[in-house]
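One structure is given here, and the rest of the page talks about it.
So that you can tell them apart, the chains are marked A, B, C and D in the order they are listed, and the count of residues begins at 1 in each.
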Amino acid sequence: MSEILGIINFESNAVEVSGLSDYRGIPSLSFMGRYRIIDFVLSNMSNSAISNIHIHVRGNSRSISEHVGTGRHFNINSKRGSLHVFSNESEMKASAYHTDISSMSQNLEFLSDADEQYVLIAPSYFVYSFDYNDLLAEHLKSNADISMLYKSTDNANEVCIGCDTLSYEKDGCNPDLRRVVSIGVNRGKHKNRSISLECYLMRKSLLLELLKEAREISPFYWLKDIIREKVDELAINGVALRHPVRCINSLESYYTTHMNLIDQSKSKAFFREDWPIFTRTSDSPPTLYNSTARVKNSTISNGSMIMGTVENSIIGRNVVIEEGAVVRNSIILTRAHIASGIELDRAIVDKRAKVFNAKNICAAADDIIYIGRSETV
Amino acid sequence: MSEILGIINFESNAVEVSGLSDYRGIPSLSFMGRYRIIDFVLSNMSNSAISNIHIHVRGNSRSISEHVGTGRHFNINSKRGSLHVFSNESEMKASAYHTDISSMSQNLEFLSDADEQYVLIAPSYFVYSFDYNDLLAEHLKSNADISMLYKSTDNANEVCIGCDTLSYEKDGCNPDLRRVVSIGVNRGKHKNRSISLECYLMRKSLLLELLKEAREISPFYWLKDIIREKVDELAINGVALRHPVRCINSLESYYTTHMNLIDQSKSKAFFREDWPIFTRTSDSPPTLYNSTARVKNSTISNGSMIMGTVENSIIGRNVVIEEGAVVRNSIILTRAHIASGIELDRAIVDKRAKVFNAKNICAAADDIIYIGRSETV
Amino acid sequence: MRNNQMVAMILAGGRGTRLYELTDKVAKPAVYFGGKYRIIDFPLSNCANSGVQTVGVLTQYESIFLNSYVAQDSRWGLDTRDGGVYVLPPREKSGGFSIYRGTADAITQNIDFLDQKEPDHVLILSGDHIYKMDYSKMLKQHEDNNADATIAVLEVPLKEASRFGIMNTDENDRIIEFEEKPQQPKSNLASMGIYIFSWKRLKQYLLADEKKEDSEHDFGKDIIPAYLKANRSLYAYRFKGYWKDVGTIDSLWEGNMDLIDPKSGLDIFDPSWRIYSEDITYPAHTITDTAKISNSMVNQGCLIEGEIKRSVLFHDVVVAKGASVVDSVLLPGTRVEAGAKLKKVIVGEGVVISARKKVGTDGEVTLVSKDI
Amino acid sequence: MRNNQMVAMILAGGRGTRLYELTDKVAKPAVYFGGKYRIIDFPLSNCANSGVQTVGVLTQYESIFLNSYVAQDSRWGLDTRDGGVYVLPPREKSGGFSIYRGTADAITQNIDFLDQKEPDHVLILSGDHIYKMDYSKMLKQHEDNNADATIAVLEVPLKEASRFGIMNTDENDRIIEFEEKPQQPKSNLASMGIYIFSWKRLKQYLLADEKKEDSEHDFGKDIIPAYLKANRSLYAYRFKGYWKDVGTIDSLWEGNMDLIDPKSGLDIFDPSWRIYSEDITYPAHTITDTAKISNSMVNQGCLIEGEIKRSVLFHDVVVAKGASVVDSVLLPGTRVEAGAKLKKVIVGEGVVISARKKVGTDGEVTLVSKDI
């Protein structure tokens, strides 16, 4: 059995996908038509044989609870393993107090009860496919207190704005330790940066100490704050992720990631044959195209009926594109309905929205139009 | 398939099992060692072939969500049926606003989407075993707008204090309609009363109208308020429940119900062979008694180790009663531990509490002592 | 439906030789259908949606795959506490191994299973029909009629009636006569091979039939005639809607084509009656710049760079640039290389069609079961 | 454990005639044990707790109940997306029906199943042993040794070693010799009948063994010796802890008694290694005023009005006033009427012991399988 307890952390208030995240947390966001963003970190954990998983969410937990269920469709043994979804809705209003530290501290019993020696903490808003056992191996080899994943990027001026960055040095005595010497923030001023994926591996006992210490310092502290502060005191090992990563921390990154991954030569690194990404099935039939369908360069999910024109777009599950509708450069979410005569360009149409009347919804080149959940326009 | 959508309603603020309900809602309360109170209404629905069920809870929904899971261990087809747990933690603080009307209204989409023609609304704090199809049959025969279950009691001065009562008349034109003419409150002044079980059956369309109307009148209205108001306008049919009922609306009623149901001749009407009460298994081994065990007139759950004296008590799952401990007239919940030398009388020991030092915990004849969750005393 | 009010038994034994290589490795009910499904998903989903919780699947031939497919009963939500899908192969008995000698014998050999479940009624189904049917409505009629047995029937054109088992009924749809493939049909009510029997009564007849040496132990040939002879109350249940036996390559192809024909009456998009199936982990499919697609059904995991017309594509199919797929059914993992042309073809699982190959004609359906 | 790193195959074929009437209706692995469990719950729970997700259960004789019992794989959490418990009876082949001719042959006949799952390793288990074991640790040793096969062994008293298959090993626990029930045992390492084989290698040996006419197709008699002869790397995995073959009435009784003996080493209360089983809907049991109970294990649904001493009671047992149950095992639904006296008895499911009957002695275990 795995020695690692998995903790899926929630994102800070800085992470916001305007519009979409008004209706649900980042982990619940639709991704590439049929997934939710949380499916990646959860599948990574499951494929890494981690079977005891704590999911901390902001706000209402119903949709995540129903999505993950008992974990069996994420390939987790529901008797031996366990999945807990912790939410703290009551403190949502005073959100500065609702930190990951406070959420974990309020559910200490579950943390203390766990048999696992190590904890792996990761948020859902970084998307990648990776075996966390490789991180454990690096951690054990390095003899570090904490190992953290990072990704070297050469376009940090465009992506991962606001994310933590890190600097490291080779450790003089320990060649296996890539010692993190400082943690900063990516303000988008530089191209080359090592972006922290906020994915930490450490002994459970150390996490318990850090939680205690952080609470003593400030109720507003996040885990990353206390780790940043400990950078001199603890041996923190930076581990580079070789696989591609996408960071979904804004509406723009959400949109560009989607547009980018229509290309199967790019998306296949995220959907690897030997590393399945699980999700909850909707039991939808395959996509139906009728005689008037005209589709180019798009990713289309099951359950949809395509009778109109679709170009450079992502279509979610159970969407209807009527004959005579034109959808370009857009993301259409589950159960949305685009009526005949409508033309969309650079739009994100949320779940169950019905676009019936607004004839032309075309955003300017560097803008994106968002149509809200269940709205009829 | 069933024509009924089941709605498990939450109880009003008047219902409180002091101590125990500080840690969880009434539906999550332990019942007779191995059950939770919600198991009755949920099993009643499942056994009545109702497979689409909405559970509204106050406060945190995690424990109920995990308890009901996908519904499969409550015998509900998880593909065809569905179980949703709705909570509204954020409004907990201003609890006067957190009514059943507001909770249902906030999740109208799920109500509107349901295919079922009828809704059955019932809270979990009335415990009984009953086929709701019998209520539907009575409802259809009576041609009423609403049918509601009631129980005739001859000790209303002792039980169901604060519950709704109802008066009815035979309808002149319709012999199948036992027309409810007024709804009051049981103040405990009279022995003979017809107690409303707050279990209503009506068309979904009528519920939607009532929700709308109630919100227009007042944000503090509960469903029972608007029904009380409609007593002249609508044909409300009272249907008598013949099976025994227990009402768990206070610490005292919680305690006396338990003491009462140790007697199998009384409890068997609640645990009928043809009407299974489902719960979530804890995979505990059978109870182990050692050579020093001395047990009389008690109900003991699996996973417990009994090495001391137990009399007239209910022992929950995975409890340890050490050699030399004495437990009388008490309720001991899951994973509590009673150490050697301790003597308990008329105590309720909550989950995971450890009674190690306080030698004698004996309540006076009409009092009950409560020992809190995870406390060590 | 109350627990164990009715247990379903699916007769899934057929080797399905008329499906040729498609049943080389799987039993007929496990054959792929409709871009995503296997044939047996239809009766199993019908059971789930009708509230039938316990299903026995009677298999005979090479059932390893069918076994492991239906055993994952959570796919149809049939993994409830008291329910489940049970694979029931013939078993070793004191007198050595036996096989199922006929449709009725398959049930007779599983009397112990049914007695353990104690159902009021038994629903007998076939594993190779495509249709959507609410068995709870049929059960209601069965109970309202207080019938010993109820047989689902379909109204067929009278001129085709001689191909079917035909039920002759009175004005209340009580069956007074059953004729197997009559030359002069007296009615157009064709048996769909779907029966509800009250279990206690059926058990008597099965045990009596077991001893008859001249019996073929078949529901249509032996049990129903025995009921009629004893003047038991048998009723017809009239089903309206799409129903198709997909036991041949031609009918399997037609059934797939019906899915993309809005006039066929086979609607698998109805959210109130989903057909459940295996949950596959492939991302949504991609249609590239060079593709052209119309009148088709495409499942997840596909990459379409060529032309697709009036076709059904299962998961993980790749159609390369310049290839054209018309009037065809491509099973999972099919690779159609650049410039290949397919016309009225069923391509087997994982088969590769090499670049610029031309396969199929306007006439008969062509089955391609190995790489070409 | 990674997906399909290791698949378990449980040999559950035995008729278990030494358990007499207890196996009249169920196969040996489905026999009740320990107040709540069936024997096969132990290997299945061990699999679940060790991270093995896919389990094949090889049954032969009268497997209807065992089938439906293990098919409900959610009981052990084995209903994961890629996992499951698969019942694998012998199947009809082109050449007619076959049966499993030996332990190795049972695997050989299911090579197609294993190939479909593509495991790196296969874990071979027996369906009638009571023990708790973390197979992932054994797998780790197997992989660390880069072994072709690893055999779990138990250290037994040397004087009893001649009753077992004995492994003679070198200083690294590499097996150099295997002797079946040796008269002069050279070591005390007894085989527990638990093997891990690397699948590709095992398949070669199975296919070679299938063709040998003089082979009994047995792991102990044929496969292991063939590995040794070819100088393959076989290692012993030393297991410490409780292990018992409960294949006879006496050993089954002893196993039950071990549960209430704190010194036996069989601890089913350990929350980190739960044994999972069927979930029964009975309320907690009740002990009345007139009862007296000590050194016993009692399951839910019981009503105890009499005296219980050193006994194991399954669910739904009633012991009336004045009755006494000593050193006994009462299977589900047993009724012990007023004043009856039981001593060292195993009472079968649902059996009624009439008022004032005296059954059993201090000596041999008495099996009561019908009402008396």
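We take it that a residue touches a chain if its C-beta (ideal position, glycine included) is under 8 Å from a C-beta of that chain, and two chains touch if they have at least 3 such contacts.
A quick note: this is a predicted structure, and the numbers were derived from the prediction, not measured.
Among the other chains, A has the CA centre that is most remote from the centre of chain D. For chain pairs B-D and A-D, the one joined by more C-beta pairs in contact is B-D.
Taking the mean of the C-alpha atoms as each chain's centre, chain C and chain D sit 38 Å apart. For the pair chain B and chain C, the distance between mean C-alpha positions equals 44 Å. The residues of chain B that reach two or more other chains are 72-73, 79, 278, 283, listed in rising order. Chain contacts: chain C has residues 74, 79, 81, 274, 276, 279 touching two or more partner chains. Residues 1-2, 47, 49, 51, 72-81, 115, 278 of chain B touch chain C in their complex. Every residue of chain A that touches chain C in the complex is listed here, in rising order: 32-35, 72-73, 262, 264, 267, 271, 276-279, 281, 283, 285-293, 295-303, 305, 314-315, 318. Looking at the complex, you find that chain C touches chain A at residues 34-36, 74, 260, 262, 268-269, 271, 274-277, 279, 281-289, 291, 293-300, 303, 308, 312-313. Chain D meets chain A in the complex at residues 1-3, 48-51, 53, 74-83, 134, 136, 272, 274, 276. Across the interface of their complex, chain B is touched by residues 60-62, 65-66, 69-70, 79, 84-90, 92-93, 109, 283, 374 of chain A.
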